[in-house]
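Take a look at these structures.
Same chain, two partners: subunit A is paired with subunit B first, then with subunit C.
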Partner chain A sequence: MKTTLFRTASLSAGMVLAALTVAPPAHALTAYVSNERDNTISVVDLDAMKTIKTVDVGQRPRGIAVTADGKDVLVCASDDDTVQIVDRKSLQVVGELPSGPDPETFALGEHGTRLFVSNENDQMVTVIDVPTRTVVTTIATGVEPEGMGVSPDGKTIVNTSETTNMAHFIDYATHKVVAAVLVDPRPRIAMFKHDGSEVWVSSEVGGTVSVIDPVRHVVKYKIHFEVQGLRSNVIQPVGIRFTQDDKTAFVALGPANRVAVVDAANGKVEKYLLVGQRVWQMAFTPEDKYLLTTNGLSNDISVIDVADLKVIKSIQVGRQPWGVAVASP
Partner chain B sequence: MLAVQAGFARPGRLWQATELATDTNMGRPDRSARNGISRRGVIAVLLTGAFGATRVRADVSTVRIGYIRSMIRHPTISLLDQPTRDAGLAGAKLGLDDDNTTGSVTGQNFELIDVPVRKNPNLPAALDKLAGQNARIVMTDLPAGGVLALADAARPRDMTIINIAAPDDSLREQDCRANMIHVAPTRSMLADAVAQYLVWKKWTRWLLVVGSHPSDQLLAEAYRRAAKRFGARIVMEKVSEDTGGSRESDSGVVQTQQQMPVLTQGAPDYDVLVAADENQVFAGYLPYRTWDPRPVAGSAGLEPVTWDASSESWGGTQLQDRFERLFHRRMMPLDMQAWTGVRIVGEAAARSGSTDPDKLVTTIKSPDFGIAAYKGQLLTLRDWDLQLRQPILLADGRTIVSISPQPGFLHQVTTLDTLGVDRPETKCKLQ
Partner chain C sequence: MSDLAFDTIEAPTRGFTVGQYLICLRGIMWREALRFVHQRERFVSALVRPLVWLFIFAAGFRQILGVSIIPPYETYVLYEVYVTPGLIAMIQLFNGMQSSLSMVYDREMGNMRMLLVSPFPRWFLIVSKLLSSTAVSILQVAAFLVVATIWGVDIPTWGYVTVLPALVLVGLMLGALGMLLSSLIKQLENFAGVMNFVIFPMFFASSALYPLWLVQQSSPVVYTICRLNPFTYGIELIRFSLYGKLDLLSLAVVLIAAIIFTIGAILAYDPSRGLLVRRGGGPA
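On to the complex of A and B.
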């Protein structure tokens, strides 16, 4: 933590600078995009399909989510060692969650009230009760938690580790690693299906997605991606999202600049959608109408019409957009 | 598929150092072997300590990796570049830790047998000793002559050598061997990495300044080849004679300030000075001291490296942090090359589910094998000369300026093969 000394000062400056802002119209469907390079969040009006506001936040904002009550946006300010709470009405940073050091990303569990934060450098996961803003517990992972997923019932945490190229299954009740499943190199994201029947793990360098049975802890099969005209080394899967019915999965393929549409029943790739450059994370709008993708190198988000499987719009945001979260009207 | 019920912990340091009983070996192992505790016992204790009693796989099997490590240290121009006693070894130890982290859930245990050697080591004896401990995969950071001697002595012993330091193209060309794997990039890969960037910058007129050692000549030849390949022009070549004793001293700064302008005076108009000085005799003095105000690349200034302490992309920050916590210094390129060598063996064991050295080597050489090494893509072996494909970092000592291959340099198989000697050009016949 070499820059700790300077962080407090710059953070308060950032908070002061957080613009005096006007809330978006109450009925608008809104997306919040964390811009890793700009230390800002872009507020995107999805009715008008444009960025309407930019909010200053802490340093290196990455993981982002909207709270269960819809009131706040949570964002990992990784280099400030905190998770900031941005009030959706005033668009001001109104508080912080005790995330532990260097939070990269998090998962919301237990109906949006429990936040599971990965602390990469300290090889642990911090669990926070969002309403009371307190640390419930910390769990030693044994390896650097790169990506993290929480089962829908909140009982299992899956932590992916680049050091071991494994997905580590942690039992939340006992805090113990109960299994480790070997996947392909540089595992990034672990995502459970909504019904909890499978967890999918993307391997950025390996170029595959491993579909894991979370009960037997075995890889059922792996999904490979082939895009005509592209070398396999630029196909680097990262973000994964399932439709509500778990029938279709979308996999962001990084520098391949494409999102793969996958039949989630059998892993068959049905289509590749061309989006912006270095597509990273994704989020659905309510009822899975649109899927939004953050495109880190083209500084925009792509809007995919989920029913038509077509990219209908790209919307300019800040520099190096990382994560995206959507709030219902 | 691998799913093991096990407690989980980063294992303790399980590396092992041994004395090599040859009359020429004066190296001292950094640590003594962990005596008196069985290895399985160590793992079990560590697991219990970290996570409470959990079930540990009973059938732990061990892979031993040898490391024949040169203890000869050359002077450097910058104090910052001076190799420590554990140069390379520290990287190997960290790689071993990472192997054992995975190993602790797969039931595989990895050990490093460190064999420090000085001048004229008895290499066959060293190999015999390692073979006696079933360490049949042996890394080395010896110069090219030593690597080749090892590979040839290793062959009748059914052993495989991993070259982690020697950049000589000859080892991948006329002197290539089927039991010699190269983690270190070649001079031609390094020169191509620099050349692509300079051409991308449109700095295509080079002043080439070459040292007087044979290895400098080989490096200069790599730059000449690179210039021709990528469309640069060497407007002039100059030679900097090593007259001995030219490293920094108390009053040296006064002299270098006078010498370097003279050395670089009188060149036709050029864009960038390319230095070929593998022994660190003069290149470090060039930046800011050239006759004409020009940037320096190659052996100083913008340098092609496998690693730099400032590299933070693709999870690199975590590797740097792990390294600094353990060794209280920055990670150097040789550390990265040693780390990669040890990780290749560990990855092969995890993928094949085997600890048999023959199976590991077969796995490493199989077409779908690759290793993630904080370079943003999978590193794979060229099947025609057993050279590890890899992006090359271009570092100025403070930041990563760029990473080659550069955009626009295309290849029908993988852009990584735009660096170095490609399949159609190779003289290697593996046997």
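On to the complex of A and C.
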């Protein structure tokens, strides 16, 4: 315990020092990475491709997003049972959102004003109005809600359940679960296409992505992954991201250290890109120029050039990076 | 050394023009080129050898999960990407040795006399021979890079250009080393031993197959040997230049080694004081 304390103390001291010595550039594209193990957020300058600051936040930061107005960064401090608000200018925690217990991840809906937080242990979803920082409502879900997806029109919430291997479709107006779709073991992430025509659900243990029709609530098809030379059990799909035009999807494959590039029209895997170890979550920079991946075991983020489909750089961040969010200058 | 002897060696070199030097260089180059074209097996084996490593060794290697980031790489690379500069250097190493093998052959067959009776200064003949064998090695590397690129080894486009100066330097260094060794060998049969005792140790005790930090973890002794091996620096010079970067230490080591080996080869082939005379193997 002492060593941990000492380490934390010296680490924070180092971070303060680093923060003091490196001034952030005025108009840089910035990425914010939540470091689950360090209880910090790494601020990455994407012009210099460097971590320029480290901000102390609550315990076990995971889900992370930038608010619609671009002023704040929201981060789930899972072990502190809260969602913290970090001011982008001062890089200080300026407030909290009443997230309910153990928030792991969230989705921003309705133009970034509504936050849908999954509360794993209480089997519910907490909906928060971001501007007023108040709970709008709570919705009961399936067992152990994990991933959160909100349809572009904000009418449907999709919640994945780790234990029942189901994706629950919840009608936001009535708060009722309207459908439960069976997918492969341990569903992680639910992601709507920008046009709302499909929901993709990644199954970490099953090693697949299920493509679901959100109207008929059926699995249209499943995407399988195969990397030459790798055993199938290390291929564990987690994060999913669609390009703005919905033509290409990127799927993070966890300990396979690869991001799969998928033709989003037919689910055909076009390419595998080598990134850092245990790739987890991803985020695009504006206009889909770069895709950033968090690599949990190698403590870095990889930068993918989306046009070239090449990994151009890996940038050191804190320990066990979980999520990443990008803010325009 | 008598004045007379001095005159007979030096006199003819005085009157040569640059054009005449170029004719001589062209002649040596042409012979090397002809040898390259006619000995198709040599070209094929020069190409197959690194490709076997690339296709079979690299494919079966367990670094399929990515090699940790070390300069000059900006991100994780597959093992086949890591091993490519080492294989390029291997092509040049074999070529340098084979080119000097041909010197032994020439000497045994008597062809070398044709070269050595040339009135041009010996150093010029040696350097011309080195340049021509380096040019051949670059052709072999180019062919290898074409196949490697098709195989999926990703190299920045301009890397194919920036690697050229490094290839020239490394080619010269290894060619000169081969030539120095060839002066010590009287018979073709002995050369096989040199291949065993020079090529393989040089190749394996280097950063060709594994990053040096990995070698260091498993054996500090081997690591030290790798560090003392000039071939390691040749590989690193090629590796950095493929990504448009310059590793100054590697450049310095390769330059110095190339100069030392070349001077050694020139001295070894010098008719008045060279090893050829001393060992009684020189031209009659």
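By definition in this document, the second predicted complex is superposed on the first by the 304 of 329 C-alpha atoms of A that agree within 3 Å, B and C clash if a C-alpha of one lies under 4 Å from a C-alpha of the other, contacts with A are read in each partner's own complex, and residues count from 1 in each chain.
Rule of thumb we're sticking to: a contact is a pair of C-beta atoms (placed from the backbone, for glycine too) under 8 Å apart; a residue touches a chain by one contact, two chains touch by 3 or more.
Keep in mind the model is a prediction, meaning the values are calculated, not measured.
Asker: Should the superposition on subunit A be reported as showing a clash between subunit B and subunit C, or a fit?
Answerer: After superposition on subunit A, which the two structures share, subunit B sits beside subunit C with no clash.
Asker: Which partner does A:140 reach: the first (subunit B), the second (subunit C), both, or neither?
Answerer: In the superposed model, A:140 contacts subunit B only, not subunit C.
Asker: Is A:194 contacted by the first partner subunit B, the second partner subunit C, both or neither?
Answerer: neither
Asker: Of the two partner chains, subunit B (first) and subunit C (second), which one does A:229 touch, if any: first, second, both, or neither?
Answerer: After superposition on chain A, A:229 lies in contact with subunit C alone.
Asker: Touch test for A:311: subunit B only (first), subunit C only (second), both, or neither?
Answerer: Touch partner of A:311: subunit C, not subunit B.
Asker: With the two complexes superposed on chain A, say which partner A:219 touches: subunit B (first), subunit C (second), both, or neither.
Answerer: first
Asker: Using C-alpha centres only, what angle sits at subunit A with arms pointing to subunit B and subunit C? Round to the nearest 10 degrees.
Answerer: 90
Asker: State whether subunit B or subunit C is in contact with more residues of subunit A in the superposed arrangement.
Answerer: B
Asker: Using the superposition on chain A described above, determine whether A:166 touches subunit B (first), subunit C (second), both, or neither.
Answerer: After superposition on chain A, A:166 lies in contact with subunit B alone.
Asker: Please give the least Cα distance, whole angstrom, that subunit B and subunit C reach in the superposed model.
Answerer: 10
Asker: In the complex of these two chains, what residues of subunit A are touching subunit B?
Answerer: Subunit A residues touching subunit B: 120-121, 123, 140, 142-144, 146, 162-166, 168, 176-182, 185-186, 205-207, 216-219, 231, 233, 236.
Asker: Show which residues of subunit C lie in contact with subunit A when the two form their complex.
Answerer: 59, 64-66, 68-69, 74-78, 154
Asker: Taking the complex as given, what residues does subunit A use to touch subunit C?
Answerer: For subunit A paired with subunit C, touching residues are 227-230, 256-257, 274-277, 298, 302-303, 310-314.
Asker: Going by the contact rule at the top, pick out the subunit B residues touching subunit A in the complex.
Answerer: Interface residues on the subunit B side: 1-10, 50-52, 54, 98, 101-102, 105-106, 314-315, 317-318, 321, 347, 350-351, 370-372, 376-378, 414-416.
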